[in-house]
Amino acid sequence: MSIKPLQALNNSLQNRVIVELRAGREFRGTLDGFDIHMNLVLKGAEELMDGEVVSQADITIVRGDNVIYISP
Amino acid sequence: MSIKPLQALNNSLQNRVIVELRAGREFRGTLDGFDIHMNLVLKGAEELMDGEVVSQADITIVRGDNVIYISP
Amino acid sequence: MSIKPLQALNNSLQNRVIVELRAGREFRGTLDGFDIHMNLVLKGAEELMDGEVVSQADITIVRGDNVIYISP
Amino acid sequence: MSIKPLQALNNSLQNRVIVELRAGREFRGTLDGFDIHMNLVLKGAEELMDGEVVSQADITIVRGDNVIYISP
Amino acid sequence: MSIKPLQALNNSLQNRVIVELRAGREFRGTLDGFDIHMNLVLKGAEELMDGEVVSQADITIVRGDNVIYISP
Amino acid sequence: MSIKPLQALNNSLQNRVIVELRAGREFRGTLDGFDIHMNLVLKGAEELMDGEVVSQADITIVRGDNVIYISP
Amino acid sequence: MSIKPLQALNNSLQNRVIVELRAGREFRGTLDGFDIHMNLVLKGAEELMDGEVVSQADITIVRGDNVIYISP
């Protein structure tokens, strides 16, 4: 039983996810939404640069073309 | 209850947002508009390079493909 | 009352604008036209590289995918 | 008898695959899904950077435009 | 009275233009044609790298996505 | 008598090909399939980095946007 | 009398062309075909890196998005 990538994202809604972006940037937060471009809405996310927390925000809207992978 | 990224942007209209762009550039201003490409209109925005304010403008029209994330 | 990015560009027609491009390039001139890709026509624009004026031209047609932001 | 790339991916479902990404990143895991953009779902995947395992996750959703090649 | 970018290109047909490309490359020649992608045909163009003439050709077909700006 | 690029690829099916990718990567194997994006399926391919064989695989699915050229 | 870029390419079929690619790569050969993406088929082409011939092939299929310019 296989699963489409967007369905796997849908299954991750309201779960904690790790979002790896280009250029050493990472977010860890709750996946509150997404669209077909993999634009994401994260709640209560921490932003990490090269492994260090550099900021925190209630809501973060990530543009999908920066995403390398998402791990629920 | 989840939310689509563009709906989250819509909810941020007329609010102060942080807009992180590629190459160490950032804007902090009031979100006055956007479209489906995440092109943005910012009012009263400061531009920061590597954390330092380098300019200020009444209106700034940002091309969406430079955006990494937007945080209201 | 919000505004779409292309409407904001339309409101800037025949006004002086700052156009920030990738790789440290900038134009300052009068916005004489644009299209949905943010291709631009500038009149009487100065080109700056890292803040120094390097050229001047009556008409400059900028390909939109180089644009970071436009500030009227 | 030739085979289309997406058909070859389909034949690899539920098999172990090596996924080579840009910037020296690699995943080794079970291919649990894909779509026409080569977005991928991997199960039980290890992430390697320059040949070293750096993380492990139950589910990894990879955005297709980072993929260089997939090898079942 | 404003002008669309492609109309400005059309007005430049058979005129000498400067075409600035990415990576320090420039052409100076007569604009003999273009299409909506800003693919260009130049006649009698000189190619310059960082300001030095490096080649000359009767006809040069430039792929539009390398163009930064065109100046008639 | 000219030939379209995809027709030339079609003529190369089941032949040995050299596939040059970005960033100094190359594959040498049998072309077992392709699609309109130049996504490729290679059989029995060797991967070379800067001219050195670094891996071998029964099947390799290459994402087309990494391809510089294919030589049968 | 102007000419569209693809028409100029069509006029170059079966002629010797110089194809300049990104990253210092160049081909010199006979243009045997092309499509609307500027994917090219070259016959008897030499590949040059930074001006040095590094390989030769009967047929070379170049993916169009690497092309900077083509000169017949």
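All chains are identified by letter, namely A, B, C, D, E, F and G, in their written order; residue positions are counted from 1 within each chain.
Quick note on the criterion: a residue touches a chain if its C-beta (ideal position, glycine included) is under 8 Å from a C-beta of that chain, and two chains touch if they have at least 3 such contacts.
Just so we're clear, the structure is a prediction, and the values are computed from it rather than from any experiment.
Engineer: Starting at subunit A, how many touch steps does it take at minimum to reach subunit F?
Structural biologist: 2
Engineer: Averaging over Cα atoms per chain, report the distance between subunit C and subunit G in Å.
Structural biologist: It comes to 33 Å between the two C-alpha centres.
Engineer: I'd like to verify one number: the distance from the centre of subunit D to the centre of subunit F, where each centre is the average of its C-alpha atoms, in whole angstrom.
Structural biologist: Between these chains, centre-to-centre, one finds 18 Å.
Engineer: So the centre of each chain is just the mean of its C-alpha atoms; given that, what is the distance between subunit A and subunit E in Å?
Structural biologist: 41
Engineer: Could you list the positions in subunit C whose residues touch two or more of the other chains?
Structural biologist: Only 65 qualify.
Engineer: Given the touch rule defined above, the chains close into a ring; going from subunit D first to subunit F, what order do they follow?
Structural biologist: D, F, G, E, C, B, A
Engineer: Enumerate the contact residues on subunit C facing subunit B in the complex.
Structural biologist: The contact residues of subunit C facing subunit B are 2-9, 12, 18, 22, 38, 64-65, 67-72.
Engineer: Can you tell me which positions in subunit E touch subunit G when the two form their complex?
Structural biologist: Against subunit G, the touching part of subunit E is residues 13-14, 21, 23, 25, 27, 32-35, 39-41, 57-63, 65-66.
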